[in-house]
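Contents: one structure, followed by commentary.
Each chain gets a letter, A, B, C, D and E, in the order it is written, and its residues are counted from 1.
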Amino acid sequence: MQKIGVFVCWCGSNIAATVDVQAVSDALAKEPGVVFSTNYQYMCSQAGQDMIQDTIKEYGLTGVVVCSCSPRMHEATFRKTCEKAGLNPYMVEIANIREQCSWIHKDKETGTEKAIILGRAAIAKVHLNAPLTAGQSPVTKRALVIGGGIAGIQTALDIAEAGFPVDIVETKPTIGGKMTQIDKTFPTLDCAACILTPKMVDAAQNENINILSYSEVESVKGFVGNFTVTIRRKARYVDETKCTGCGLCTEKCPQKKVPNEFNLGLDNRRAIYIPFAQAVPKVATIDPNYCTMLKTGKCGVCSKVCTAGAIDYKQQDELIEREYGAIVAATGFNPISMDKFDEFAYSQSPDVVTSLEFERLMNAAGPTGGTLLRPSDGTHPHTLVFVQCVGSRCDGGEKGKPYCSKICCMYTAKHAMLTREKYPDTDVYVFYIDVRTPGKNFDEFYRRAVEEYGVHYIKGMVGKVVPENGKLKVQASDLLGGQQLHIDADMVVLAAAIEPDKSARPLATMLTASMDTNDFFTEAHPKLRPVESPTAGVFLSGACQGPKDIPDTVAQAGAAAAKVIGLLSKDQLTCNPCVANSNELMCNGCSACEKVCPYGAITYIDKDFRGPNRTTLRRRVAQVNPAVCQGCGACTVACPSGAMDLKGFSNAQIMAEVDAICK
Amino acid sequence: MQVNQEFKPTIVAFCCNWCSYAGADLSGTNRLQYPANVKIIRIPCSCRLNPMFILRAFQRGADGVILCGCHPGDCHYTTGNYYARRRMTLLFSMLDFLGIERERTRVEWVSAAEGAKFAATMNEFVETVTKLGENKRLEDLRCKS
Amino acid sequence: MQELIKAKAVELLENGVCDRVLGWKAGEFFYDVTPAVFRSREEIEKDFVFGPFCGANMSKYLIAESRKEGKIAAFLKPCDTYSFQQLQKEHRIRRENVYAVGVQCEGMCDIDAMKAAGIKGILGADGDGGTLTVHTLYGDKSVERKTVLAERCKCCKSKKLLGCDEIIGGQGEELESNRFAQVEKLEAMTPDERFAFWRGELSRCIRCNACRNVCPACSCEKCVFDNPASGVENKAAANSFEENLFHVIRAFHVAGRCTDCGECSRVCPQHIPLHLLNRKFIKDINELYGDYQAGADMDTRPPLVNFQTDDPEPSVVHERGSEQ
Amino acid sequence: MKKCPVSQLDALFASVAARQKLYIPAGEAKTAAFQPWQEGMKLTDALNTVRSAKDLFFPQVENLVNFKVTGKQIEIIENRDPSEPFVVFGVRACDCRSFDILDKVFLCDPVDTYYKTRRENGVIMTLACTEPEETCFCTAFGIDPTDPAGDVSCWMDGENLYLRANTEKGETLLSELPMLSDGDAPAADKTVFDRLPLKNLPLDKFGGEHMMELFKYEKWAGLAESCLGCGACTFVCPTCQCYDIREFNTGDEIKRFRCWDSCMYSDFTLMSAGQPRPTQLERFRQRFMHKLVYYPSTHDGEFGCVGCGRCLQKCPISMNIVKVAKTLGEETT
Amino acid sequence: MRQDPLIPMLAVVTDIRQDTPDVKTFRVVGLDGKKPLIHIPGQCAMLSIPGVGEALFSITSSPTNEEYLEFSIKKCGCVTDWLHAMEPGQQVTLRGPYGNGFPVDTDFAGKDLVFVAGGIGLAPLRSVINYVRHFRDRYGSVDIVYGSRSKADLVDYQEILDEWCKEDGISVHLTIDNPQPDWDGHVGFVPNYVKELGFDTGKTVIMCGPPIMIKFTLAGLMEQGFPRDNIYTTLELRMKCALGRCGRCNIGDKFVCKDGPVFRLDQLDQLPDEY
């Protein structure tokens, strides 16, 4: 018989407002095995924790039930509290009477009644709890960063600085990501390349960083501290170790009509190419979709001109397998496709461009050499219309995204400002729903655009853009002026919403990391654990977790790195003790459990058992490796004899909860 | 069908720790209301749900049982909910085969971000079970005195 | 057939292929044969029989017998061989300790079917062909063999002998079978009708455990229903809930592993059509996840420890139901 | 002796049922059972029911007592299943004899009041056999199936049901039935019983004096080897009375109940300290030793079997008391 | 409430004494504070905690104790675990007494008695020993051989030292399996010690202990020439009803709960060895 203490938390008024905490602690005091029951304003406060510890000692408690907020919030806290008082931390159960009771009910009577039942269920469970001791597993002291944009680079640099080896896997031929395509950065207007390329070089030169460009993660196995990752190194048909990046091949390649993705298809590149001058690694890559040699077997120009002999048409994809202790997802974002927004005539006129395309058109290294020219006729535009929130903040429907893409207001202000600065003869209109500028020096920046640079900010949505006689007829409403506007524009720039990179979803599946409905990675806790995924050992960096600007990204990248460093600096990890275990006396050895185990934690041995009349029976029985088992419980249901059970969530415990709830 | 105003069904919701329990928390955080008849039991993964637990719940007086887990493909343990999906499909089909109201059992995938879906699902499920009335076909009268 | 098998049994024993033979022993009447282990020519010549009442699935015995020292020869009918393979798959039978002789089968008879045909006081029967002459306390009667076949044999799924060391009576083929007809009939009923049907059947259950103990798939070292720690243990069904619980959980535990040998229904003293529960699972599995026959092969994953990412959602049950 | 035309059987049943609950053997041959009589219910064609009449006096599950536990306090709450007067019609001679055997177990000191109440409440109307099955061997135990005992004995020919009260309870019952007239049953034709194949079951060597010899008999292993350890034989047996006492926690109360158990079950004698009957051999032997040796040893040679033949029909592997008796009987003669 | 032998009475545990690390002795009285039932030494009673289970225990106290019953119980299963965890004041249910008990007033009368006990096996014998002590003049000499794994495992050690050892005409022979620092008594297994002590073969032997002890002690006694009809032991089997009906404790034509648990060796010889 356990001696159980019950501690009911008011959570200020969060619980106490809809749950009569006194009634709950009184009711639970009458439950079998409960020797102490009380309520307190903030159980998680130091005073509350002290109270729990004192009670454990005074009453010799063998079990503790805390009726409070979600166990996802403070289970760990209370476990630690009890451990300090000498009670096994797994003798603690939390009854969630805040998120799943007080916050969802308005009627105090109902809330109180439910809280008592939830408390009873927790008490019933604690009766069957057994002290558990966590095992240990070693940590592979190497990290994997998936994605080589600014987020990935910064994370890798920080981890490497702390002395741990780190691999960056980047699907493109070069690291750098979206930031390489950006011209200037807000609100300081310094050149993106100037601040990014040194970091890229740092990454390349850091002894602890190993860049696996033009590579993709193929599969992930294992668990925190012990991941095994298979990485596909795509064939680039150029020997990375030999290529000097001289670029001769990219000049001689006869296949000149390949849309240049670095410039978003605004110009062309060759079939063998280096994405841009500062690429890291600065190695040429053959695009197999366009290379005549690879497609027809005839050409071989690049091979002839390459003095280093780096060209290898026979190169194959290579799969490499590596061990990591931690994985950081930094898969970044993309602007959404404009297919569904043809009211802005994106598909009809080349002069309707997205903001990222506009970045390229303004960039000195871009297709126009930094001169703003209309893509259609190469003339200088005089009237520009910027449309905000294209695909952002769309509630419902399939057209856009429900969220705010966060960066558009600022980069549009930047674009408008830069346009007006370079070409004061232009008229610049910005149509917006709201202008959101919550950031250091952000609002000042925006106001400069309006006040100093004379950008016309108009609150209202653009209804339609119609290309007509070389002009773009923009129909819009001015909400403040209460009138319909018609503007004959030369160019229209769409602030396309951003969305997570398409590779994130399959990656999340491999990592068993959860995602939200928009395919952004879910953080373990939105406030308290913003850079960790709920899956232990998987961390989040940059826009894959949610829309971010560069400063936020870099900050989060550093935070993720700090978490990784914290993990890798441990020699041993404490395992989850809530693992499966097999009762050998009942095990049939049928292998059903082994088949459903996602971690390969179950093996079989032949073991001798005492049979009747002093005989020995040899039976095949399952054994669980507690360091590998993650405690999902799939095996417990696959097992027909019930030999397999899960510590901490045993059949008996769950059924006791069921009984208490249904009573 | 006439809805019995008095009848408040007992609903047991088994929620996987990683998605649906968090989703339930989120609906709390967002103060989304659903009836107090719903009581949640936390399990590590939807694949932990043994059919015995469901029958046990009905035996002890539950009128409806719902399992919530991560969306297929999003299981924290990679594949758990796929197994749960097969098991529950077959179990529910069997209960239906025995003539037990199929509407009393349900599986719903609720992610950690779907607080609203959780609340909506519970509201809807409670309504369905309330319409069905008391569980008579899978009851244990010993537990109802 | 009996003589061929007896000769083979003697041969295997005397050639040292095995040290014992699993077969059937004659009883008081012609129909009450008992599975038995024979150790000598004399025993075989005296008591070994094979006939239309050798219905027991011998694979169940091989679980224990194959763990003993020495090698046992077993005569297995087509249905037995499916169980035999399934049990090997689950590591329950040590194949190396078994010499399996496949025996072709014309379908087994059911003494209760004879009695249901109004024949009382049955003492014996003659005739190997289509018509049987039954000797009774009340004189001789004649009966068509096919009318007194066991229900399960009337819709035999396969005459294929799997994984045997040798075969007597020729290899057979998988058959077109309408074995799901009765399940379909039940599915077509309303839930209320189904509920009434199963209440009528299951309320007769006396929890003698014959269905469980005879079932080759129910070979657990310790059944959950015998284990006080399992939470479902019960010895006698106290009410309708426990009747349902036992049969649902038992069917669930053998789902995907049940070869549909029909032993559960054969042995039920109360004639509850328990095999329909198993068949329902088999039918669902076939329809939802693709055809699967437990025991048909040695390497496919059983459907309940397998999945496809695009498996139907559990709501399929609700949707299917609402089409009615 | 009284009689009643077979055509008026329904009226007779209705008349009995109007006074107290009436059970008659009804249903299809495969599933015949003693069922509460209802208008229009017909007697089964089967010779006997699947389960014996024992159920009505010693049900498979019955509540003993309830407990309520609050803190350190326990409250004992009466929870007997109610028992009211009833009549069971159509009990065969073999089943009727089983009550003699059960009575000796349950009514000896200290009396089992649950059983006793039902015995007192129940009126047994037996029915003589005319068409035995080949599995019948009650005659081997000295039972005359054509002249059954019970509170009221009945005979039926094509035209009439003849009734004879044997006890006061029987007298009272018959006196309350208006449709009865006087009449004697014609003499029974016993020739078919002489043709019963199992009538000469060798039972001379059984009983207490050969206990150890029979216990150690080596052929038990062969007899028991294919036993599945199920309880089919036990639960259809009219004389098996082993039971288990169990508890069910409803959450509010603890219900202590008794249910049938079988000595064939592997957990029957299992205890934390060990297992005195470790294999199916010991368990199988126990069942038959008890019926043929132990019980007679303490009950003046009366066997614990009535030859109803149910276990012959129901054993999944056709191993039964006849085969055991013959095998053991042969060897020791 | 209608009575039935299966319906228990209520009793309350008034005192719990920790005897050895795994044995506790429970003092039980009726709800009226009086001794709940009258018994013969060697008889048993069914104790239960509803919801946990019912189990048969031998009554350790002597019938001469007019105030209460005592049960010495070793922790070894579900019910005993619970009993060990409970606190005084706890109500339990009780029914009994069951079994035949020792023939203290017939066969033992006037005899020289040798008690041989091992471990918790002292529990049923303690009742007899204290009964014999109470009616000391009705019996001849009394020898008690008692052994355990260690000094700490000797049940009722204080009572043995304080009362039995100090009583005239009672010889107490204690032994433990392995030497330990604070033990100056005999060291060795019970069977060997019994042999060493070399009792007169005319004495009546009453034994209780683990099967292995019984087996070897018996072999020794046979060797020394003790007649089998002068050796008594008690059996323990699984029981549910304790009325000779449920069928579990059936050995041959005997039911341990009704016809036992005390058997003379020559009686046991007549029974199958299923115990």
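We adopt the following convention: a residue touches a chain if its C-beta (ideal position, glycine included) is under 8 Å from a C-beta of that chain, and two chains touch if they have at least 3 such contacts.
Computed from a prediction, not measured in an experiment: that's the story for all the values here.
Novice: What are the chains that chain D and chain E both touch?
Specialist: A
Novice: Which pair wins on C-beta contacts, A-C or B-C?
Specialist: Answer to which pair has more contacts is B-C.
Novice: Taking every chain's C-alpha mean, which one sits closest to the mean of all protein C-alpha atoms?
Specialist: Chain B is the most central one.
Novice: If I average the CA coordinates per chain, which chain comes out farthest from chain E?
Specialist: Centre of mass proxy via C-alpha means gives A as farthest from chain E.
Novice: Return the distance between the CA-based centres of chain A and chain D, expressed in whole Å.
Specialist: Between these chains, centre-to-centre, one finds 71 Å.
Novice: So, what's the distance in Å between the C-alpha centres of chain E and chain C?
Specialist: That pair's centroid distance is 51 Å.
Novice: Please compute the C-alpha centroid of chain A, do the same for chain E, then give the distance between them in whole Å.
Specialist: Computed value for the inter-centroid distance: 69 Å.
Novice: Residues touching two or more other chains, restricted to chain C: which are they?
Specialist: 224, 230-231, 238, 304-306
Novice: So which stretches of chain E touch two or more other chains?
Specialist: Residues 78.
Novice: For chain A, what residues touch not just one other chain but two or more?
Specialist: Residues 596, 638, 651, 655, 659, 662-663 of chain A each touch two or more of the other chains.
Novice: Hey, which chains are touching each other here?
Specialist: A-B, A-C, A-D, A-E, B-C, B-D, C-D, D-E
Novice: Using the touch definition up top, name the residues of chain C that touch chain A in the complex.
Specialist: Result: residues 67, 90-92, 219-224, 227, 229-231, 253-254, 301-302, 304-306 of chain C touch chain A.
Novice: Can you check the complex and tell me which residues of chain B touch chain C?
Specialist: Checking each residue of chain B against chain C gives 51-52, 55-56, 58-59, 72-73, 79, 82-83, 85-103, 105-107, 137-142.
Novice: Write out the stretch or stretches of chain B touching chain D in their complex.
Specialist: Where chain B meets chain D, its residues are 60, 142-143, 145.
Novice: So in the complex, which bits of chain A are touching chain C?
Specialist: Within the complex, chain A contacts chain C at residues 585-592, 595-596, 604, 617-620, 638, 640-643, 651-652, 655.
Novice: Mind pulling up the chain C residues that touch chain D in the complex?
Specialist: It comes out as residues 27-29, 31-37, 56, 60-61, 112, 115-116, 120-123, 136-138, 204, 206-210, 212-214, 226, 235-238, 263, 266-267, 269-271.
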